[in-house]
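As structure tokens, here come the structures.
One chain, chain A, links the two complexes that follow: it is found with chain B in the first and with chain C in the second.
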Partner chain A sequence: MNPAPGVYQGAADVIAALMLLLEFGMLRQALVRDQVRLYATQSALISVLAIVIAADRNLPDLYALAALSAALKVFAVPLVLRRLLGPPAVEETRGVAGSYTLSPASAVLASIVLAAFGFFCFGSLGIHSAQAPALALSIAGAMVFVAFVLMIVRRDVASQAIGFFSLENAISLASLVLAAELPLLLETAFLFDLLLAVVVFGMLIRAHHARAESLSTADLTRLRG
Partner chain B sequence: MSAAVPIPVIQLLQVLTVALGAPGLMGVIAKVEARLQGRRGPRVLQPYYDLAKLCRKEALAPAGASWVFLAAPPAAVAAYLTIPLLIPVLTTYGLPLGYMGDILGGGFLLSLAGFLVATAALETGSPYAQLGSSRAKTFSAITEPVVLFVVFTVALLTGTDLPYALAATVRSSAGEVVRPAHLLASAALFMVILHETGRIPVETHTGTNEFGMIEEARSFEHSGPYLALLKWGSMLKQFILFTILADVFLASNQRLGAVLLAIVALLAKAVAVGCVVAVIDDSFAKLRLFKITEYASAAFLLAVLGVFTLYLGGG
Partner chain C sequence: MLGIILAILILPLAVAIAAFLAPARVASGITIASGIACFGLVLALIPHATAGAATYRSYLRADALSCVFLLATAFLYVAVAVYAAGYLKGRTDRYARRFYLGFNVFAWAMLAAPLMSSLALLWIAVEVTTVVSALLVAIEDTDGAAEASWKYVLIASAGLGLALLATIFVYYAGAQVLGAHSNLAIQPLISVGSRLPKTPVRLAFLLAVLGYGTKVGLVPVHTWLPDAHSEAPTPVSALLSGALLATSFYAILRFYQVAAATLGSGFPRGTLLVFGIASLLLASLYVFGQRDVKRLLAYSSVEHMGILAIGVSFGAPVALAGVLLHVMAHAAAKGNAFMGAGVFTVKYGTKQMSAMRDGLRLLPWSGPLFLLSIFALSALPPSGIFRSEFEIVAGGLGNGDYAAAAVLVVLVTMAFIGLATSTTKVLLTPAPAERGPAEKIPVEIAAIGTDAVSGVRGNGGGYGSGGAVAMAAPVRASGMLTPGEPSAWMVVPVLAGLTVLVVLGVHPPGELTNLITQAAAQLRGAP
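Moving on to the complex of A and B:
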């Protein structure tokens, strides 16, 4: 068996594993509001991970990135999403709650298989370095696949947006563990990408809701309206 | 380490600690639960009094029940009392009888005891007892894959499936403690323990509501000393599962010089796990019976991810 990693690397791996579990939680959660809460928790974890890596490798830039990422993903994005969704009672009537195409159990089973595929793909890349924890990278790969399942099996714009945002979290995780010494400017550019995605999804949600009186995408069956 | 105490005495003490400590643990959990609910609660020693009272009562068997009905409770207790010989209860080093069986051996003994009690319940012809044993067997089939994956994780971590080896591996470095596979497997095992000891997701542990009953319903037709043995058996099972969690998976501090001190430490650890269990029991709403598969699937997810991180992720 592989020897145990050091404490810092182990902590990074555990945070990554928790993020993957939250991704499964988002997939399983029926209400968008709870999904937003899970997304905020996942984003908080990635900030913690940035702090752990900053402390481990002595990279002061990452502290700034952690603060910026927390401000944006833990507070701003969930706040915007909640405002877009309106009061909780409205959610039921907007075609959001429980908009599964697969049953939750089948979706979870499918995503376990895809997560295994993600683990396998990244594991077989054979990246072994003291600087890049292979496990956290594999977990990021698994998260990408689970986020895809989340976007595919849910038929409402809000859940799909959250799936997309959590996909961004998975990629941030990969970039953090693989290239922690990336210049702060580039990392900030990634965050700016997310900001752009939030604006686009916000407009999409508003436009779709204005036209269809619902957030469900079940009626979008034709290419031209 | 504990040169003053001969090895056979330590082995005997392992069994005696579990046998005598189990009702006390149940009493402490009942007390903590009651306090959390704003009640005064029974005395901590109440389970001992209950067992003593039942032992003095007359034992009756339903008409038509065979010898299996009466033989099952003592046989189940015997199976439970064999397990403390296999797992690290008081020492960190393996005792001679500890190598009689591995984790699977302990699991088989737990299953054997459950099977015997279920068979005795079927003997009675009582619908509630049969319902209980039918449910217990169905749901244990659902949690079985979780336990198997936990064992796989242990095997991948240590290369063996001996409980002493896992405890030694976990204690060997801090890196082993924070290893995701270890934490995921421990969390999955904890969820199984919550289910197996009838805390969540559907049962009320001491409840008399037949719809939510699984384990408790099985002893409906037993009485007197036989009922006492069944109750003691379920207390033993709880203590053993807590010991496995605390000593094998969490491998909490066992570097104690004296075995007698280890007894106190074990009781304290079991009470600590019991308090956590009581808080969880009180703070989570019970699920409907058929939702139990979702609970089991969450535990399964943890256990499977534990194996993935080791086998595919290289962690």
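Moving on to the complex of A and C:
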């Protein structure tokens, strides 16, 4: 009989499972504003996991990382995205509400299949140790695939950006599970890099909106071949 | 040596800030000076790097392999900086300042990447190249540029997400042997390679090829590349193709070193062979039927990245030396080809090759130089590309990889035919007006196609008063295209590039040969 998981491992697995559910929620939500809310919650969970690991393994660096991550991903990124979207009533006029290329049901079904594939692929690798709970890592693998589905099935720049940011959350989860002791300097540099990416995504979204008067990508079909 | 490395890391950044604050002419001048200085610094670094790698606090490292890529980037930095002085003539001050800010930061990030001693810092440098170059692609503010930059930033960032995952798996593997506080420094990972757990390293290598391969333009994750290369301002296209793709390939080579030390070379070589053949095959087919000259060259870049991947997959010393020579020769040749194509787009006011005719007569310098550049790019002797591809094929045959070597030769020949057919039509076919008694070509042929003009100059580019094709106005004042070059600044760097290609093909300097030999030895496991 397998021993019961410790506090750290149990917390990591539960948080990872919640993050995956939120990822599916983002895929299902028609309004980008709701996707942003779910993304902020998912990012908050990452910070909570970092705090749990910091306490469990006595890694004070991770407290600082959790604070930085929360400031950026729970507050700054959602704020920027909300400003780009404008007031709630305007969102529907900007070509972003429910901009599916597949029906929501088909998109969720496809992502369940891919998530299962990712989950079992990562699970079969046998990468685990006391510091690396295999279940959380497998869920991170599943999240990577769902994030790609989110980027592919939505036809508006805001949802696609959220897809990318949630992919980054999946990688952060894998990073916390596999590389929690990575020096703070490098972790901070990764976050700074995300900040740069957010700025550039924001600038390009703004430029696209100014040009097309819509956030939809349906008309981005000029370049082919 | 540390002073040289720090100077390379500080100079372009300082110049970027100064260029943003200065008038356009000053920005252009200091960018050229920075390019020349960086090229000189890299040349000064080579003897130190070949005498033994220098590492600073496990964050910076210069060795033979990194110097090969530094040399390619630094050469293009200076060549394209000179070219940009002509290309930007007539642009507003605001556009030029934004351009030079982005251009110098982009060059800085590409010079910084090979100097990073840690896989984590290398990832960060490559990510910086993405965000900066995405903004440079968008700078023209056309519909095409907006579409290309969005596709680029989304696809490349997603790819780099996978590359980050690869980096984390390598950290996990390294931590099992080097301890939890290992900082992903490359050399220690290679040193303990045989003791690293195999599964995470195998997965990391696959993810790295897929992730960084997105930036390299390896099929099937190349889809952003033709769009971004064709819609970016020509100086940026030259840097993207000649330097950025190589810098990203450098990252793959660092993962290759770790994977080969852990798994043996069989798995990484096989993986690269699959991606290389797929890239070469698709690119060789797609060069046929391209109508946009910059898109044609973009597919040629996919082809050459495929050649690099196949060359590494052969694994023989001569093939690896060929790969490293190819990195430098491709930088010069592709930079030349894009710069030449840029002169044509300015002259004709379009990127559509169907609207470009009689190039040899209308561009008395750039026409022949473009033809020679395309021939050099297509590996005709005495080009450096001929020498590098010859070495790669020889390495493959010597290694017993007959089928792959034969496929490489056939596909490269196909690509040559596609490139040569398209470009010779542009250069040698008389314009419609010339078939009659008229001497000159009506300007109207330059507007063939609905997007002929808007595809070259966007409305946000900010020509002072001349509208979309103001650059070409001097040569078409009478309403007809007349022979003449848009700017001497756009000819000189192409001449320099051709000189470099001939030198690389006929007799590379001894120091360079030594550098390449040492770098190839590093890829085979030497420290």
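Here is the rule we use: the second predicted complex is superposed on the first by the 219 of 225 C-alpha atoms of A that agree within 3 Å, B and C clash if a C-alpha of one lies under 4 Å from a C-alpha of the other, contacts with A are read in each partner's own complex, and residues count from 1 in each chain.
One rule holds for everything that comes next: contacts are C-beta pairs under 8 Å (C-beta built on N, C-alpha and C of every residue); 3 or more make two chains touch, one makes a residue touch a chain.
Only a predicted model underlies this, so the values are computations on that prediction, with no experimental measurement involved.
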Could you classify chain B and chain C on chain A, in the superposed arrangement, as clash or fit?
fit
A:86 contacts which: chain B (first), chain C (second), both, neither?
neither
Once chain A of both complexes is superposed, is A:220 in touch with chain B (first), chain C (second), both, or neither?
second
Check whether A:144 is in contact with chain B, with chain C, with both or with neither, and answer first, second, both or neither.
second
When the shared chain A is used to line up the two structures, what angle, as a multiple of 10 degrees, is there at the CA centre of chain A toward chain B and chain C?
150
If you stack the two complexes on chain A, which partner ends up touching A:168: first (chain B), second (chain C), both, or neither?
second
For A:14 in the superposed arrangement: first (chain B), second (chain C), both or neither?
first
Using only C-alpha atoms, work out how near chain B sits to chain C after the chain A superposition, in angstrom.
16
Using the superposition described at the top, list the residues of chain A that contact chain B and also contact chain C.
none
Any idea which chain A residues touch chain B in the complex?
1-7, 9-11, 13-14, 16-17, 20-21, 24, 104-105, 108, 112, 115-116, 119-120, 122-123, 133-135, 138-139, 142
The residues of chain A that touch chain C in their complex are 125-127, 132, 144, 148, 151, 157, 160-161, 164, 167-168, 171, 174-175, 178-179, 181-183, 186, 189-190, 193, 196-197, 199-201, 203-204, 207-208, 211-212, 217, 220, 222-223, 225
Touching chain A in the complex: which residues of chain C?
118, 120-121, 124, 127-128, 130-131, 134-135, 138, 141, 143-144, 146-151, 153-154, 157-158, 161-162, 164-165, 168-169, 171-172, 175, 180-181, 183-184, 199-200, 203, 226-227, 230-231, 286, 289-290, 295, 451
Chain A partner, complex, touching residues on chain B are 156-159, 172-180, 183-184, 293-294, 297, 301-302, 304-305, 308-310, 312-315
